[in-house]
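Two complexes come next, and they have one chain in common, chain A, joined by chain B in the first and chain C in the second.
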Partner chain A sequence: MSNAEGTKPGHPGGPPPGHEYHIQIDRVHYKVTDETMTGLQLRQVPPAQIGPDRDLFEVVPGGTDRKIGDADVVEIRDGKRFFTAPAQINPGK
Partner chain B sequence: MTIASEGYVRFLGEAERLGAVPIWVHTHPGEDSWPKASRWDNEVDKQIADLFRLRSGTEYYSMLIVSPRPRCFTFTGYLQSESGNPVPFGRAWIVGDRIASVRAFDFPAPPLHAAFDRNVRAFGGGIQQTLADLCVGIVGCGGTGSAVAEQLVRLGVRDFVLCDPDQLSASNVTRVFGSFPTDIGRDKVDVVAAQLARIAPEAEIRANKSMITSEETARELCECDIVFGCTDDNAGRLVLSRLATYFLTPVIDCGVLLSSGAGGQLLGIDGRVTTLVPGQACLVCRGRIDTKRAGTELMTPGERKRLEEEGYAPALGRVEPAVVTFTTLVAATAVSELLERLVGYGPEPRPSEILLRCHDREISTNLQEPGPRHYCHPDSGKLGLGVTTPFLEQTWPQ
Partner chain C sequence: MLPANDATGLTERGITYTVSTEANMTCVVLSGYRLPPGYDREQADLLLRLNPGFPDVQPDMWWFDPAIRLKDGRAVKATDVTEHHLGRTWQRWSRHFDAGQWRSGTDSLESYLALIGRELERCVQHPN
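Moving on, here comes the complex of A and B:
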């Protein structure tokens, strides 16, 4: 998440600085202002930030969901949905 | 062993696309294993239940534990909504070329009644137990349907859904099992239900006085394990044929056709028993439904009369010849088909249709592949699709 004061200027044709994007992470709605965010930044969006024991995914409607690594850069758009999943399940025992 | 998120997350999106509930399945290996959730299994359920619901877009989480047993398997499992208590699975119904029923580990079978001794000597206690567990739908309670019902209840089936909108006429008493002249004018489903209750007072019988072409009735039938099609109407057969694909409910459809010459002499006695299971052609692909007649059957009486007069619709309501020996023969063949699919005493590959040419004293069988691009074809993605909007993806008369 970043503050509204444009740390990055919007590229030509993009929305004016200060535009808010509505996204969801694990069903909860958040507003963000950056046009692109890294996985690490997205993990810091929820008040209790997402721990390393969970993987972050972007919902790809009609396709295979994309796993987002900490350094991966995601283009933010209104209505994008993300969710987290246990990184490892140990079904044994 | 550990499973990384990429290993299972993609199936959740797939479940959403299919409108399906994903099930978390694992095994407890060994024929002496205990197929019940360990404390650790419960921990895993807690970790993943929310994610399963969230990403698959259903309100349910479901899990299944399977263990091998000699020549079979056992299991426990449950379905849980976000707010409710888990609903345990009681029984698995396995449908294919063969059909089988397996009780869950926590739902042991009650002891079999000694009355079934002769059946058990023929096909064993497991099959007898399956018959006792089955919910069977019978569409049409005339000569064939009543004979199917009579045999099933004597075999040990104890749960029935009967559908027929008609009343018993004087000429029905010649064929309908359990009917007496005093029953004329009563609903056929009530006459047959009373007969089943005389034979098995503990049986659960739901009598439905409507056509299967009503959406409500079709929905009730999709809860049956297997459905016998004993109706003459083509529109009803169109529904039954789809039921087999969308709900993987085996349908055993039967019919009799007596052909008489102008002088009333019997020329042909044809019986047909078609078993609809996944991988086999539906009744439409087999040409067993007259779709033009089906269309006419669904018209309002006024509309039908006008089109019949103009020659645009086949005339309906003709009284067909029918004889108890032939309706009973076809009914017995249909019920035997259920037994064969459960016991497996017949040849392989298993034929999916039996044609009785009684006048020639001949029987022939066939297998037919689903038509390409048709709903019955596995590639169509319709197999086991379940509840759709509209129901069975067909239009329903209002």
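Moving on, here comes the complex of A and C:
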């Protein structure tokens, strides 16, 4: 039985419980097991957690990168890519 | 030349861009960069000028042609200087990082573009 995209772990046809999803944050590969994660949870994936001085974004192929707030929920799929960016820059003269 | 990850990232997002060199700087022009709501136009060309050491060396400032203002006519802070690059006149957005903000080995063109987008949104609410 193949895994249909969008099906849930433990559901018929979906990945089994404990399935590992391969994602990238700042081009570093990580494995996670949750089918959905909040921005806060994603910030805690790298060994050095992502601090508030950095914004977190999801790459949207062909579209505009999506800023992920701490409470925003993201559906996790294999190959999803996230990156961080400085949260602010200072106006000069 | 643009780092491979940056070139791939721009293509991945469907962004039309050109790369050239001027005064030892790598100049990346994003054609028809879409501005967030609140500005006097929907798009403008965005120029990034990257030091040869980029991405280990942080970028500094960015430029728009044509110049942009808020929809109500107000100017945004630190955008009143014009400069000539690539045979065109550009509005300089004077913006600078604090020491340590730019992370060598992590930051790249995609993070800089994300920051520019955030700063453009912020300036609609706080132009001065």
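Basically, the second predicted complex is superposed on the first by the 78 of 93 C-alpha atoms of A that agree within 3 Å, B and C clash if a C-alpha of one lies under 4 Å from a C-alpha of the other, contacts with A are read in each partner's own complex, and residues count from 1 in each chain.
Heads up, the rule we're going with is that contacts are C-beta pairs under 8 Å (C-beta built on N, C-alpha and C of every residue); 3 or more make two chains touch, one makes a residue touch a chain.
Values in this document were obtained by computation on a predicted structure and should not be read as measured data.
In the three-chain model built by superposing on chain A, chain B clashes with chain C. In the superposition on chain A, A:N90 makes contact with both chain B and chain C. Of the two partner chains placed by superposition, chain B and chain C are both touched by A:D55.
In the superposition on chain A, contact of A:E75 is made with neither chain B nor chain C. With both structures placed on the common chain, the touch criterion links A:R27 to chain B and to chain C. Common to the chain B and chain C interfaces on chain A are residues 26-27, 55, 57, 59-60, 62-65, 67, 83-93.
The residues of chain C lying in touch with chain A in their complex are 5, 9, 12-14, 34, 61, 77-78, 94-98, 101-102, 106-108, 110-115, 117-119, 122. Interface residues of chain B facing chain A in the complex, by the touch rule stated above, are 1-6, 8-10, 12-13, 17, 26, 38, 40-41, 44, 47-48, 50-51, 54-55. Listed in rising order, the residues of chain A touching chain B in the complex are 26-27, 55, 57, 59-60, 62-65, 67, 83-93.
Of all residues in chain A, those touching chain C in their complex are 26-27, 53, 55, 57, 59-65, 67, 83-93.
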